[in-house]
Amino acid sequence: MVFSVAVAGASGYAGGELLRLLAGHPEFSVRTVTANSNAGQRLVDVQPHLRSLSHLTLSDTTSESLSGHDVVFLALPHGKSGVLTAHLPADTLVVDCGADHRLESERDWAAFYGGDYYGAWAYGVPELPTASGRLRDLLASARRIAAPGCNASTVALALAPGIRAGVIEEADLVAVLAVGPSGAGKSLKLPNLAAEILGSANPYAVGGTHRHIPEIQQSLRWAGASQPTISFTPVIVPMSRGILSTATARLVPGTSAAAVRAAWEETYADEHFVHVLPEGHFPRTADVLGANTALIGLAVDEAAGRVVTITAVDNLVKGTAGAAIQSANIALGLPQALGLTMNGVAP
Amino acid sequence: MVFSVAVAGASGYAGGELLRLLAGHPEFSVRTVTANSNAGQRLVDVQPHLRSLSHLTLSDTTSESLSGHDVVFLALPHGKSGVLTAHLPADTLVVDCGADHRLESERDWAAFYGGDYYGAWAYGVPELPTASGRLRDLLASARRIAAPGCNASTVALALAPGIRAGVIEEADLVAVLAVGPSGAGKSLKLPNLAAEILGSANPYAVGGTHRHIPEIQQSLRWAGASQPTISFTPVIVPMSRGILSTATARLVPGTSAAAVRAAWEETYADEHFVHVLPEGHFPRTADVLGANTALIGLAVDEAAGRVVTITAVDNLVKGTAGAAIQSANIALGLPQALGLTMNGVAP
Amino acid sequence: MVFSVAVAGASGYAGGELLRLLAGHPEFSVRTVTANSNAGQRLVDVQPHLRSLSHLTLSDTTSESLSGHDVVFLALPHGKSGVLTAHLPADTLVVDCGADHRLESERDWAAFYGGDYYGAWAYGVPELPTASGRLRDLLASARRIAAPGCNASTVALALAPGIRAGVIEEADLVAVLAVGPSGAGKSLKLPNLAAEILGSANPYAVGGTHRHIPEIQQSLRWAGASQPTISFTPVIVPMSRGILSTATARLVPGTSAAAVRAAWEETYADEHFVHVLPEGHFPRTADVLGANTALIGLAVDEAAGRVVTITAVDNLVKGTAGAAIQSANIALGLPQALGLTMNGVAP
Amino acid sequence: MVFSVAVAGASGYAGGELLRLLAGHPEFSVRTVTANSNAGQRLVDVQPHLRSLSHLTLSDTTSESLSGHDVVFLALPHGKSGVLTAHLPADTLVVDCGADHRLESERDWAAFYGGDYYGAWAYGVPELPTASGRLRDLLASARRIAAPGCNASTVALALAPGIRAGVIEEADLVAVLAVGPSGAGKSLKLPNLAAEILGSANPYAVGGTHRHIPEIQQSLRWAGASQPTISFTPVIVPMSRGILSTATARLVPGTSAAAVRAAWEETYADEHFVHVLPEGHFPRTADVLGANTALIGLAVDEAAGRVVTITAVDNLVKGTAGAAIQSANIALGLPQALGLTMNGVAP
C-alpha cells in the first residue's frame, strides 16, 4: 500500500528535507506541498535540488489543502501547528516538526515559548529509553507525533543511557554543541548571513535560555532522571548542516569505565540508527550528513571525574525530517528504516 | 632603538604569523628567517602573503644562524627548542612558541609530552592574575619566555578571574572549544586535509588526553586554585583560525550574579587586550581574527548552577604569535601593544 | 538477479563514494573491498560514514582478490588499472574511475600523462551526443568502461549541445571551474590542507596544463567538433565537493538566442540526469550534492558575442562514482538510474 | 597634521572596513560615524571587531553630521551619495565607495543602474594605466573620488597591461570571478544566508547583466582600448571575503610569451600594491586577506591562443576601503601606503 502524503511548510529547510527523503520512500507518495508566501510557485523553483518532484506546485497552507491525505507532515514556525491540526481528521497521521507539541509541561512551555499551549504528542525519538522500554512503543499506535528538536534529541540520546543505568549523575550535566546554520531556517536575520558565519564560530542563547533545555530534561526524566540540570550552549559553526554535541556528566563515584561503556552499548545494541562507536573512536558530523544516524563516541575522563559523550547527528535528518519519517514508519507499521539511510555523504 | 630579530621555523603557520606581525612592528627588524626543508627558498615563495618581506631568504635553523640578534623567536616542533636555546647567549631575548618551556612540573611534562624536560620559562600571558599581581610582572625582566598554548591560555584567561575571586569552584571545570585547523600546523596528516574538515565538526583528543590540560591547571593554580580539575574537549571546525571556548564552572553557592560579573570586570578592567563584554553580549571568533584581543562573554546560569564563559581568541595571534610579541615588548620595556592591533578583520 | 561487486581503492574518496552508492543499489552486492596501505582494516574504520557496510574488511588490491565478481569498480591512482585489468576475465564488467583508459589518442596520453599507454575504453558519460546518437549506445554492450574525469565530463556536457547543433564555434572555448578539494583525493600535500583552503580561492594547473583538457576535446570531437581549442582553469574553493563550471563559447554569428536554447534543450530533453534549466535560472553545486544530476543554465550574452553555460555537478557522483554506476547499469541492461538519485542534499 | 574624518554608512561591511583601516592610520582621526537604522547605537555594538573605536556612537547620516571634517568617506547604497554630497563644501575631500560617481557615460549609467545620474569623479585605482600615465595623476588634486567596484577594478588591473601594450585583443575578453559574499553587504536576502552559501558555489548576474561590466570597459578604454567586449561571470563561493579573478584574452597573433610578460611587469614594476608574480606562480585570495594588495599571476596558453591572468584581491580592501584610503592619501599629498599593509592574513 502506498500512503498519500502532504507536506506543509515545503519551502523551508525542514520541509525540503522531508521532501528529499519522501521522494526516495517506496511507500509514501507526496501529493500536496504547501507554503505561505511561496504558494503558487513550482516546488522546484523554490527547492531547486528536488528535481524528481518538479511536477509539484506549492499551494496555500490550510486545513483544506492538507485534508484527504493519509499522512501530513508539518514543518511550520512555532505556534502554527496547534490551530491547523485541530481541523484535521483524528485518523490522519500528523507529524509536526515544530515545537508546538513537544513539551508535556505547560509550565515549561510558558517559560520557554509562551503563547497558547497545545499539549504534548508522542515524541518522535524511537530509541530513547523509558522506564518500561522505548519511546518506540508509544509511537506504534500514534496518530499525532511531535518530531524532536534537533539539539534536544541529540543531547538526550547521548546522555539517556547513563541516566538509565545510573552510572552518571543527573545534576550538573554540561553540553556544548557545534551546529550548522540550517537549523535556524530561512529566517532573514543578520546573524544568519553567510558573511557573519563564514570563518567564524558564533555562540547564541548562552546561559540557560535555549528552548531545547526543557525538552532535554523531559527526555532524561523518561530515562529515569528526577530533576536533571544542564548547562547548554550552542555554537554556530561554518557548515551548512550537522550537530556535534559534546555532552558530559559527572561519573557516579565508584563506577568503572567498563560499566559506563556497557550502559551505552546495551542501550543501543539493537538499534539500527543509533550506534555507539568502539573505544577511542569519535564521530564527525560529515559521517552522518544526509543520514538518519546518530553516532556516539564515549570516554571516561577519570581525572576530571566526567563521562564525555561526543554525538554526531544531521540536524535536518535524524534531528528533524528523518526522525519524523522514521516515526511515521513505526506508526504505520512499516519497517522503521524505510526510505532512510544510515550512510552519510562524506567527504 | 630598533631590535634585530630572528625567527626560527619561519615556514610554518606560527612562524608566518610572527613575521606578519613583526613586519608591522616599528621597533623590530627581521634580519634572519630559518627553516628546515624549506631552507634556501625565498620566504615569499613559502609564505606568499608576506609581500613586504620578499627580500628575505630562509636559512637553516642552527644556533649559529640564530646568534647575533637581540631577539629570537622560535616556532619549532616540540622538543627542538630545548637543545637549540642552550647555545644562545643568556642576554638574548628568546621567545619560544613551542611547548618545551611551558610546564613547571616535570611530572606533567612526562605524563603529557615525554622525552627530555627543559624546565619552565616565564609564561607569556601577561594578563593572567597571580597571588601577587600579574604574570606581566615576571615578564618584565625575562630573557627566556614561553609563549602559551593557544587553547590553554584561552581557557585560563576565561576562568582565572572566577578562581581568583573565589566565585567559582575549581573542581569540575568543563571546557569545549571550537578551533580552526591552523593550530595543527602544516602537518601532512589525513585529518588535516580540507576534504576531511570542510562541512564537518571533528573532535579530537577526547577524554582528558589533550596536552594543554596541565598548562591550564598550572595557570589556574597561579590564580589561586589548589587542585583544579577540568574536562577539556577541542572540536575542529571549518574556519582557518580562531578559538571559541565555552568554559563553565560551578558557581560557588550563594554567590550573586553581580559578584560574578565584578570578578571578571575587575580582573581585566585595565587590560588593553582582554575585554569583558557587557551583560548579554558574547563574542565571535571573527571579531578577533588577526587581532591580539581576547573577548570574554559571561553568563550565570542559575538553573544549572554554572557560570558560563565564552571566549574568542585568534589562535595564531593572542594564542601564539601575538602573545609572543606582546611578551617581548614587555621584556624589552616597550609599550606592550606595539605592533599589535586590538581590532579584528571582519567579516 | 543480484550482481556481485568488488571495489578496488575502497579507502579513497572515489572508492568511498562508489560504496555509498552501491550500498543503496538493489541489484549490486558488494562482496570485496580492497586497498593498499589500509588493507586489513575494517572498511568502516577507514570510511566511518559507511555504516551499513561495517561487515566488510579491506583486502589487498590484486587481480586475485578482484577475480570472481560480476562487476569490478577500480578507483586507483593513474597507471594502476592498466596492469591490473589485463588479468581480469574478459566477461567481467570492469569500470575504471582512473584516467588510464579515457584517451583514444596515444599522443594526448603521452603529452598530458606519460608512461605506458593502455588504450581507450567505452567512455562513461551516456548522455554525450555523437554523430550517430549517444555514448549510451556504446556502453550497452561494453565490458570495459572508463568513468570520466569529473571536470572533463562537466565541461563536455555543457558545451557539446552547441557544438552538435553548430550554434557555437569550436575555437576559443573558455572554461573556469570552481571545484571542491575532494577531487584531489586523500593526497597528503600541502595545498590540500584545510588551513590552505578554508577562506580562500586557489587556482591550479593554470595556462593549459590540466590533464582533462584533451579529454574535453575528445568529447567535443565526438559531438562534431574538428579541432576544438579551450582555455581551461580550475579554482579550488572551500566546499568539500562540487564543480561549478562556467564554460563559454563564441556564438556563431547570426544565431538567435532561441536557436541556442533549442540546441541544449533538444539534446537533453529525454535525459534523466542532465537537465537544462529554464531561461534565467542557473544552478548551484548544493543543488546536486550527492546526486547524479548535471544541471545546466544557459545565457546568450549578445554584447560579448558569447554563449555562457553554468553547469553544476557533484564531482564524486555524476563526475565519477555515479557515472560509473550509471554506465554499469546500462552495460548490464538494468535501468540506468538504479541506485542513483537525481535529488541533491541541500542546504 | 592629522585630518578629521567622517564615515557615512559605518554599520555596513564597507564602512566597517574603512574604520578598521582608519583606526590604524597615523594621519586620520575618525570623529564621526553615521548610519541609518543603527543610529544611536555604540559603533562597537554594531561592529564588535572594532574594539579601538568603542568610544564612537553612530549618528544619523545627514549633510549636517558629515560637515566640518577634512575627509568624508561614504559607504552608502547606490543613489544615496549624489544628493548628500551636493551639500558638502567643495574643499572637503569626499570619497564615495558606492557606484554613483564611477561611470563617465550617462548611457552606461542608464543601462546598468538607472535613476538620476550624478556624473563621474576621479576613479580610485591609482595604478591603472592611461594614455598619458596613471590614474594616480588625476587623484593628486582631486576633492571628489569614486572608489571602484571591487570586481571591476580587479579585472581592469588584470587586463589593462595587455591592452596598453597591444599584446592582447580587446574583443572577446572573458572573466570568471570567485567572490566572497561580503561584497553583497548586509542585505537580508535569501541568497545571502549562510545555509545557501556554505558548501556551494553559486553564480549570479550571468549573461552580461552585472553592473561592473561598463566600469571594466571604461577602465580598459583609459588603457587604450576602443570598444572592448567582455563576458563576465561572478560566482559566490564560501569564503567571507576575497576575489579570485580568472580573466583571459586572445593573444595578439605573433606575440611572444616574453612580450606578454614584459607588458605586465613593466606596467606594475614600480607599484607598491600591485605585484606580478613570477612565471608559474599564481595567487590565492588568502594571500591578500586584509591587505591592499592585488597579486597577478600570468600564463600564456599557446594551444588556446589566450593569455590567462589570475588576480587575487580582498574585495573590502583593495576592492573598496583600501582603494578609498590609498586614493585619499594621494589626494592629500600623503604617502599612498599610509595606514595600509601589503601583507595578507594567512592562513
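The chains carry the letters A, B, C and D, assigned in the order they are written, with residues numbered from 1 in each.
In this section, a residue touches a chain if its C-beta (ideal position, glycine included) is under 8 Å from a C-beta of that chain, and two chains touch if they have at least 3 such contacts.
These numbers come from a predicted model, not from an experiment.
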Count of contact steps on the shortest path from chain B to chain D:
1
Taking mean CA positions as centres, which chain lies farthest from chain B?
C
Contact counts by the stated rule: is the higher one at B-C or C-D?
C-D
Nearest whole angstrom, what separates the Cα centre of chain C from the Cα centre of chain D?
38
Determine the centre-to-centre distance between chain B and chain C, using the mean Cα coordinates as centres, and give it in whole Å.
45
Provide the list of chain C residues touching at least two other chains, using ranges where the numbers run on.
13, 182, 195-196, 198-200, 238-241, 283-284, 286-287, 289, 346-347
Per the touch rule above, chain D residues touching chain C in the complex are 171-172, 174, 176, 178, 195-196, 198-204, 206-208, 213, 229-233, 235, 237-240, 242, 244, 246, 248, 250, 282-287, 289, 297, 299-306, 308, 310, 312, 346-347
Which bits of chain B are touching chain C when the two form their complex?
13, 180-182, 184, 186, 188-190, 192-200, 238-241
Write out the stretch or stretches of chain B touching chain D in their complex.
13, 16, 20, 23-24, 45, 47-53, 182, 198-199, 240-241, 275, 281, 283-284, 286-291, 293, 295, 341-347
